[in-house]
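Pasting the structures here.
Look at the two complexes coming up: chain A is in both, with chain B in one and chain C in the other.
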Partner chain A sequence: MATVEVRDLRKRYQDFLALDGVSLKAETGQLVTLLGPSGCGKSTTLRCLAGFLEANGGEITVDGESILGTPANRRGFGVVFQNYALFPHMTVAENIGYGLKIQKLPKSEIETRVYDAMKLVRLDGLGDRLPRAISGGQQQRVALARALVLKPKLLLLDEPLANLDARLRDEVRWLIRDLQQQSGITAFYVTHDQSEAMAMSDMVAVMKAGRVAQFATPREIYQKPTERYVADFTGEANFIPCQSVTPQGEGRYAITAAGATLELEGVPGITGPAELLLRPEALSLTAPEAGTFKGTVTKSAFLGAALHCEITLPDGSMLKLAAEPNHKVRTGEVVGIAIDNSHAWLMPEVAP
Partner chain B sequence: MSEMTNTFGHQKTMNIGFGVLIVLLYVFLMAPLVMIVGASFTESLMIEFPPQGLSFRWYFEFFNRQDLVDGLLMSLRIGAVTAIVTMSVAMMAAMAGQVIAGRLSGWFQLGMTLPLLVPELLTAVGLLFFLYKIEMAKTVLGLQMGHILMSFPYAYVSIAAAMRQVPHSLEEASQSLGANGWQTFRLVILPLVMPGLAMGGIFAFINSFDLYTISLLLKPLGGNTLPLALFDFLTYEFKPTAAAAATLSILLSIAGVALVQRLVGLQRAF
Partner chain C sequence: MSLKNPKLLLAIPAIALIFVFMILPITNMVEMSFRTPGTSAPFGDDYTAQHYDRILSDGHYWSVLIRSLLTAGLVTVLCLIVSYPIAWHMSKARGMKAVFLYACIASPLMTGVLVRNFGWMIAAALNGPLNQTLLGLGIIEMPLRLLFTQGLVILALVHVFVPFMVLPINNALRNISPTLIEASSSMGATRREVFRDIILPLSFPGIYPGMILVYVLAVAAYVTPALLGGAMVSYMPTLIIGELTGTFQWPFGSALAIVLSVSTILVVALFTALTSRLMERSKA
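And then the complex of A and B:
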């Protein structure tokens, strides 16, 4: 339906550079998530896509054609807002039918399409209610139906779950993903929640200070981050500085770190100092002599499903790991740590 | 335990204290109205309270005085035009105020309410000079302009407050659904600010109905607004006709408030 490309997008507010050359691409039917902390430019990018903001430079194309000259009301994109942005003086049905009414479609057609849309988001029978008389989750479903009923080329979602409580968040999240996949609509999704981004996206753009730090699949973002910032933002991570790095061909390295020698994959082309990324689930406890690393337990906490341990290595770096809950661990004990090599990853210490 | 009762006892005294204060406040606010309304029904020849007997003679007298009726009609006409013009201009100004950001915004708000801050007399004198310059002094249109100027801030404050209640994302949502600026205004913004807009219009009308100083300086030759006519009247005759006129004004204000209540509900207007 629509391939969307953002190239070198720039946006400046007086002395603040909100977007410093953002480039992204969404293939037809993909859901692309813009992930990052507040102020990283993810919402600004979305608002430029929607046409609410004018970019100072760069290009946005849909199916190869620039849309920068098209005003927001003629772009034909659906937008879902964090605060729902339902029209409070209109009923649920009137809200959903708003865009169709603007298109001056016949009443009977509006009625059927609104009815179908309400069914799609499971709001049957609520058509006569005012937005304030329904729950937050229902309100966001109305907003979703209101956007989808127009069969938009592109769906833009700006933190649509942020105002919902945890239980509803899950429900609405899967509804969004299902509807998006069913209808094959290309979508951009803004969030600061990494688990949301992981679970629903085809592609994730991790943003940092107005730039895209990494643009890849959720798996790559998590397992093969290009820099520490990305690794940190996508989940629990341990970093260990390397003493020596020897390239072993494309993207493979032999390293020594914290007294151990190992061979692993990493970001291609590392020349300077590097650090080892170990996700907690890549680590397990063993006998002191059997592990790759040896260290002292400094903290342990029973969390029910897992035993959370912090272990200090001889070089002073610290490892967090989730051990099997019935494992007996005492603070001060020396333990070995086994590494699942396929989940270890080498990154340059300074971002390229 | 005794301490707790003490606290509650203290709380109770406070509540009674506040109750008394509020009653006193209302008495203070309402007393003049009660007096003037009461006095308008008197049978005696003087404005007095409590009224002597009960009659409508002063109302008949009022409607038989050509000068007072002319004043009333003039005030109604000017008030109505003032309300309509200020509502539309203040609506546009409030929308502009929404868009203006940062430090400028404060200055803009200040500018819009300036007629409230400058003494009415100074505005009147300045406007009079200006009207002489453009050869419109002593015309109804000149007076009308003065009233619009003086009533504008009331309408603006009310409408701007209503505008601030409309989240910007509603406009964006409307846009993204294909509506142009005018459609967004008509279908989304206008219905949502209607209570504030109606209230603004009524404020403007009542304010215009009440203006004295600016009317005195700008009044057209041979024309009087009701306050001017009443004052002229009171200078020579201190008769309850004036109380009848005042009661009619009060009724008009109540009618305005009732209209808002009927149209949009008072809770939403304030």
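And then the complex of A and C:
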């Protein structure tokens, strides 16, 4: 329903640069996640989109038209807050119907639409309760219904699951994704939880100190990160510094690292120092002579579904891997490590 | 009680205080209001309901009572109107600015009641600063007679009661999460609608105690109406003190005081009943 583009967005608080040129794009019906640690600017970006904050520079367009001059109450975006921000003095039905009442729609239409919205988020029968008399998960669904009932052009979600316990989080996560896809609403979703970002998003923007470090699909973010920061933030990762890097055509390299020679894909155009990214699932244990690397087991722990091992390589770098649970390893044992080349990735070394 | 119920034990000082300084004097006053008038003592030996009969059947007392209640109501409403914007700005202030504002708000209370009222008498005199300013600005051509008017009494009462209104409202406003305001504006509400639908109802837990405090204080105010109101208009407290210390009619004065107290309680109870739904919903 709407294509949203953020270009070079800047926001400064006195002497703190909260946004240092953020650029993003959400195509119609996409869910774009802003992922990063606290203070990276993800919420600031969302608040600029919502119109709660005024940017100091840059542009935000919806379907090609700038919205920076439009106040929050005329943008027509739905916002879901981390603390839900339900009006405590209004019932569930009044909360959901508030935006419709502001639009001065006829009472009967408000009632029908509120009823439908409550049904959509499975809140039937709770319309007369006050927010304080329902559970956290229900409150979150009221917040969602309240935003969706207005048929917004854009849905903005600011860590909507942060205050829920793990079980509910999963349930509401799928509900949000389902509703967003059913209604085809473009959405921005702020979170610091990488698994949430991976599972729900069409596109992920990993943010770092007021900038977008990488903007790509969840698969690319995970398998082909542009720098160590992104790889670190999106899951378990091992990094090994490379001794030599020889380009072998577009995005392919021959490298030596920790005494082994490898040929693999990587970020295109690496010229300087590089490091090898090995996700735990790229690694498996094998006989000392059969592996690409040879190392000493320094730690092992049985986790049920997997055997978690830490292995120190001759050059001192450490590899974490998840081995088959019935594999017998002893601390101090020398083992070989086989690498699945399709899960290995070369990145330039970038200052953290 | 004793050791089996330590909570009750801890409450004893408070209960004792309330008993000695509230229950006993009020009981004493109620009893006094049913005594016959005395000539050689403050009250006679017999009991009678004649004082209540006299108050309730005399239009003069009714009109003074109603004037007292209405004036207090007007003071309360004016105080609310003056205080709300102040409380709003205070709720936004942080750090030294907040401290400065608190000091400004409390300043009317830092002056003694007599000094403050004599100050008003000087300010409101025919050739006092208020008239001089109005004349100087060309707003009036002749000095206004401000002193000994109801208007001045109301102005002076509003002035001194502002802190009692500002502080609880400020407190309630501080408790309103800013995300509620953002949420309502994202749903399309204008600033006016945000105020009407969100801020005003959610600040009611501050408005309510503020209004009750100011109303009760205004009904019972004595010094201000006595000094600034002059002899032409009387209020219940001035009337009561007149009976007690002027004509020394303790039983009749007590009956007047009881009538005033009961009327005030009725007004407060009515207000509470009318706003109970709002209060129930808006309290955190």
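Criterion: the second predicted complex is superposed on the first by the 350 of 352 C-alpha atoms of A that agree within 3 Å, B and C clash if a C-alpha of one lies under 4 Å from a C-alpha of the other, contacts with A are read in each partner's own complex, and residues count from 1 in each chain.
Simple rule for what comes next: contacts are C-beta pairs under 8 Å (C-beta built on N, C-alpha and C of every residue); 3 or more make two chains touch, one makes a residue touch a chain.
Bear in mind that the values here come from a model prediction, so they are computed numbers and not experimental data.
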| message | Please determine, from the superposition on chain A, whether chain B and chain C clash or fit. | response | clash
| message | Quick check for you: in the superposed arrangement, does A:46 touch first (chain B), second (chain C), both or neither? | response | neither
| said: One more residue to check, A:130. First (chain B), second (chain C), both or neither? | reply: second
| request: Applying the touch criterion given at the start, work out whether A:245 contacts chain B, chain C, both or neither, answering first, second, both or neither. | output: neither
| said: Quick one: is A:200 in contact with chain B, with chain C, with both, or with neither? Answer first, second, both or neither. | reply: neither
| field | chain B and chain C footprints on chain A, overlapping residues | value | 50-52, 71-79, 81, 83, 85-89, 98-99, 102-103, 146, 150
| remark: Residue positions on chain A within touch of chain B in the complex are 50-52, 71-79, 81, 83, 85-89, 98-99, 102-103, 143, 146-147, 150, 156
| Contacting residues of chain A [partner chain C, same complex] | 50-52, 71-79, 81, 83, 85-90, 98-99, 102-103, 130, 146, 150
| Of all residues in chain B, which touch chain A in the complex? | 167, 169-170, 172-180, 183, 187-188, 191-192
| remark: So, in the complex, the side of chain C touching chain A is made of residues 177, 179-180, 182-190, 193, 197-198, 201-202, 278, 281-282, 284
